[in-house]
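Dumping the structure here so I can ask a few things about it.
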């Protein structure tokens, strides 16, 4: 174990995956990751093509081209950058290219904010990318390695983004076990795609599909996501065996036994919540690791003994409510209809989420359990004097 | 009434709104709208700045700049183009600029498809834009005029997209009442924003917000969406009075009285569904006009006597299910828990939705009502031989 | 012929671009990776499960061909497969000079070993003849139509060759589908050149330009012969191998072949625009020394 | 002074860009609409509710300043407010030459009456000194760091002035924060010019270039005096008003002032790179006729 | 047919699309006039003009769209177009 | 303070941010040496060098960040920097 | 409701024919709808367009699978395209060809009419653009739209001499069909 | 768990100090966490960094509101920044200044220590970069990290002579604090 910056841990893990092509465009708070990788290259520690592109749109396009030719490709971005590569995101997944990226979570402009929330990757939830949200730096590091194995699996062949809270994880120093090369080499086989661009078998990539076929291509993506559900769990298990660290498959419970109130969420906020929950009775945590594919069945199973579920997230769909809140309720409908579901929006644009905020959420959840009245969906931590 | 192409009707309505600046980039099947507008300009029928930009990103950015300076701005796009302007979409809404656009619905690449589905605008549901989905050409025409009034209302000040199914509405000819200039002038006041860029009062637009303020700006967007709920209804009423045509406010029911099975959907598919439903007993339709803001309360109210709700849509969130299906279930949870909710994906990438498909959906809904087993969420119209 | 661009593609009969592709691949041979942005080329050549390409080919989006090509080049390098083939991007004027301009500039600047060929049919043809930054002055396009108060496009074409040269490219050339041998020669040079190279290729679209399909090659030649489309190379910043004209034809000879210019022949304003176009041809002649001095 | 750029902005002490903005606004006066992309300028000048701007100003995104400026110009025209003021975009090298290149090229091509000034501090400073296409050869930036097997940036700077000229602009100029009067003069000309105009403005970032904050102006001047940053205008395609140098200084005089080049002075490879940089200065001298012939 | 992921197609498969059906006019050759300039071969957008030493210039009517370029560019005026009866 | 929609700010409001606190060194002037070249006024990034006929060159210490440019560029060597004690 | 499917080639005005027929039908005080088979087809490639006409407002938006009428603008499509697909029992098939119905030898429970629209168009309009002529024939054969309305719709689109010539071609085609003449 | 807040100016190495203290604490076989106050501050502007140390793994990720320790790297911040905000009762405030605690006249239920780190750094490191020196002082004053670990962390980062010099400065500062000397 070693005290390193989150970004360094992520860059280190990426290095260990032996990417052939790295292509990224700087944007706060993703920069340190890419800078560390650039330094590895400049120091001869990592042999790969590092392509310093002109934009995020190009970053993902370079990764796409590299992946199509059979190279293992990496990128990283956040918020504005992710939005700028939007079209390419859908394209990469539709082309079934297993590009892996670190999506550092940051708020969306306007107003511009370089600070953390999860509006950016949440907005990419339809894009056909697998999304793994991580809780701490170690998990971020480990998820990069797992990520390639999941994405490149023949059953899956989908791109994958590891979503890590900006600043909170990328700019924090804490003790991390950095993977050894030999460990990763043993765990992660080289990328050997079934189809790739080559002069020997000159395939055409990126054909268009007329109405008599398009829908089936989309369905195949859906099926791949279904298979990814299994693969993610498998890889988590294998990783656990190889590295001795396990974070759950699609979800992970914490203090769920007998919990009447379950705080359901993802990302770095879980650390603070655990701290709080340890001091509470009958309050558990359900952590969503894989947001896409969405763990429908697992969530139903994990919540079956709960009374109140408080979904906590750093995003919302303007004109509706928090996206995770929506998704969880939808997953339960038709199955478990008697829960009291509450949604809480916290920490937008870097608003710090304090233990007190979590306590407030627990308080309101308890009140809801006892039949008290509370809004179904609400913002926590607003500064009323500004409104 | 006059038989015109859908695109022409839309272009005509836009012309009647007297936009100051039009900025759009061609993309099938949006092109005819923009071409018609270009011809109006070339023929001196419409006085405005028509800016033929280099990309959709620029199209929306030009609209943004024009709107900031106090001009009424219009754009139109679809699918790939909408994805390319993604970052600007969030920016325009965050800057609270009431740009109005026609978002022609088309599938997302890859594989490339120029044909209709709703994956594109569905993917923009978090972006802070008001989204109005229309059923036919007349409604598309009328929604453009309503759109400016809603968006520019002092209470709202949010951008708005009218979502119209590509080809199916844009390339079809049918009888439409084209608004007269005087009618529209009476209905729609000139755009007179409270804040705009000017040398006389040199404000700064687009400042950034630190963590102590960002969240409140987002909350204000949320509140504006709430107010938009009311405004959309008001404007629909006013429009009904002025023009004699009314399509519902946020939602519209059809044959809902006593309906045990409700087909819930939006867009052009409703025409075909009405045709089918007229021949069925106890089957009604709930049409979502305003998808954002999402009509939570109205939906609950409309569905309270239903038994089975079949949500039909032309999109899905990869790794989960149809987005509308998700949203509707979420809106019901905590309120109406005893419905059988079914989700159906149809018509992706231009797959024609036939009356038979609707009948099949009704059949499956009936079977579900009678306790039969059917998947909760399924694709209709797949060609199994391709899979 | 190698027929690396297979028959059965869906281009309009008489499409200049279709001629261009077969000639380009004839010149490169089969050891080449081709990237195309969205546009007529992509649409006519790749309706799944059909493709007309017999070389490895990829289409991603409308605006990112240069970046995808960069990625392929980087990938081949990283995988030690650089010798397998050269990387070639072939894009329309819209995909190159408008929406793809940023990516192109980036690819140039980073010095990727990629040849980029822009087949310039002077409008967005795939979507129905909308103007691009390459649509010439006076042409009617669907977003800059001729009309009661308009004579069509008002901006001159972007000078892509000069822009490429300004990026410091070692090999840049203009070419025309009407001059097959010249084109193939230039393609070979461009592909052989190390680092980025660029060819700006004039390519008629009979549908969009509105001339009979049989006239494609003839019309292309007229563009050259009137001085509106000079043929030349720029090697390390020096203009060389200018195709000189024994007798430059008046621009009307070119304009009148095409429906997109027909309105110019109907009004006084149109006549003025034609004079303007003639002046542009004259300026080209001056700049590139097009006119063969008979005395010489 | 008009102080249209208010004190209290948050730029690092000694920031060249801060000097640039005050001089630019001094030259334009208050009747101007300013657009800035994301970058140091935007971040240091506009933390809500504070702004340093006393002219109407807008920031939207990192890559769309030219398009937003186009929209403002179009809007003013449509509203009959064109006389209210000129439109000015001021962007960093990244926002201009990399991510904003497509939008810039489009704005040029469409002929909007906008002056675009790129303050070039030769890297992405706002995000922590990552390389841009404007980072000079040999400079260490955080994404092209000097390291055991690297001497930093390997690509020459994009020649933005030539690119703008290739777009057919009537007024293009290079300028330097080290030459205030020259800069203000050029800004006035650019703004007065009808249609698009462009100024490429060298602007030191003491933080990123790693020199003492007090040396900003001095370092900028050294760039000019070594021939690495020629000052000139291009009017209707002709290079004019070149600032000529009585005695051109060796490039080391410039390089050694800055930490970003310090590694070059430590290795043989570095020495070779310095020779390469000197050759670039010599080439500039040749191309622009920088050296005053003492005989003259 | 099962779809292949990513809509990846095998080389040259467009030959199944017989575009000859698009034709309204059809090129014919008068072999005696042919001077072997090969303009027809070079400029046919469909690669539908073939040549063999034995047969000289001939057409692949499976793909010929009848555009008329070969005829227009024929140095020997050897190729003429005629309306095609179907 | 109520937020204004769109994060729109009133002109010149950054003056509330007194950046003088950032300073570690402080510029001082020896008026006799000043030759009125105004380099200091022109090049101060903070617009913190002022001039009036009466007072000559003086500094606005509310904003001066102590960068030292004025001193470095002073033609008359009239401006010097010293460590600031706080 | 009656449904028409038009087969033609890219560039031959099939969509315009459908559109103008919809306008004509509306002129007849019926409700109508016209639309192309949405696609990316190039000039020369086979294309389709559709038209619906009804006494009630038309709400259905799916494609036409079982047309009452099929109109083939270009005889070269015979053998290339399955234009008889779904044609209703007792439906009408109208083909532009110099051949007689018998010569075509098409079998099925439908009425087959042929017309040499190309010849008529060449003669009366001066160009082999057959779409308007075919509209006249369609009116004559089916009665789904009136001759008067077809001429109205075409003259609204093509003003002056062009309109007059088109009208003449339409009338001629209409008359031939009414007279029961097939080419 | 103990929490530290460091106040400094952009460019003075406050984040590095927090980082190296976290490394040192880990070297002491404790768990630690360090992070900056995330922001866009430019060189010269006031900045903050935080460090936590505990015997258990640290999971909390909110900012530090009630620090046990506050360290001020730059006396010029006095009066500019509210560095005493939230300082725990009985906490420790360590300021780099030539002044004595008394001269500063700060009141509250905390221990105030001062050290002339700038002088030490200038003397021993040759530059007025005080972050490492302050780390030594911090170790001496708080005992939250050991001297040995601080030196270890700093020497891992700065090799050779620089490391040695830094170590000396650290040791000096540590000793001064242990001896109870305030500047």
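To keep things simple, chains are lettered A, B, C, D, E, F, G and H as they appear, and every chain counts its residues starting from 1.
Throughout what follows, a residue touches a chain if its C-beta (ideal position, glycine included) is under 8 Å from a C-beta of that chain, and two chains touch if they have at least 3 such contacts.
Keep in mind the model is a prediction, meaning the values are calculated, not measured.
Engineer: Give me the fewest steps it takes to get from chain F to chain G if each step has to go to a chain it touches.
Structural biologist: Between chain F and chain G, the shortest chain-hopping route counts 2.
Engineer: From chain A, count the fewest steps through touching chains until chain C is reached.
Structural biologist: Graph distance in the chain contact network comes out at 1.
Engineer: At what distance in angstrom does the C-alpha mean of chain H lie from that of chain C?
Structural biologist: 64
Engineer: Measure off the straight-line distance from the CA centroid of chain A to the CA centroid of chain E, and report it in whole Å.
Structural biologist: Chain centroid spacing, chain A to chain E, equals 54 Å.
Engineer: Compute the distance, rounded to whole Å, between the mean C-alpha positions of chain G and chain H.
Structural biologist: Comparing mean C-alpha positions, chain H is 87 Å from chain G.
Engineer: Quick one: report the Å distance separating chain D from chain E, using the average Cα coordinate of each chain.
Structural biologist: The answer is 55 Å.
Engineer: Scan chain F for residues touching two or more other chains and write them down.
Structural biologist: Residues 1, 3-4, 6-7, 9-11, 19, 22-23, 65 of chain F each touch two or more of the other chains.
Engineer: Name the residues of chain A that each touch 2 or more other chains.
Structural biologist: Residue numbers touching two or more other chains: 28, 52, 54-55, 80, 84, 87, 91, 94-95, 109-112, 114-115, 201-211, 213, 216-217, 220, 350, 352, 386-387.
Engineer: Out of chain C, which residues touch more than one other chain, so two or more?
Structural biologist: 10-13, 15, 42-43, 46, 48-51, 53-55, 59-61, 63, 98-99, 101-103, 105-106, 109-110, 126, 133
Engineer: Using the touch rule from the top, collect the residues of chain E that touch chain B in their complex.
Structural biologist: Spelled out, the residues of chain E in touch with chain B are 1-3, 6-7.
Engineer: For the complex, give me every residue of chain G touching chain C.
Structural biologist: Those residues of chain G that touch chain C are 10-11, 40-45.
Engineer: For the complex, give me every residue of chain C touching chain D.
Structural biologist: Going by the criterion above, the answer is residues 63, 97-103, 105-106, 109-111, 133, 155-156, 158-159, 162-163, 165-168.
Engineer: Using the touch rule from the top, collect the residues of chain G that touch chain B in their complex.
Structural biologist: Interface residues on the chain G side: 18-19, 22-23, 26, 31-36, 38, 40, 58-63, 65.
Engineer: Where on chain C does chain B make contact in their complex?
Structural biologist: It is residues 38, 42, 48, 59-63, 98-99, 101, 124, 126-128, 130-131, 133, 142-150 of chain C that touch chain B.
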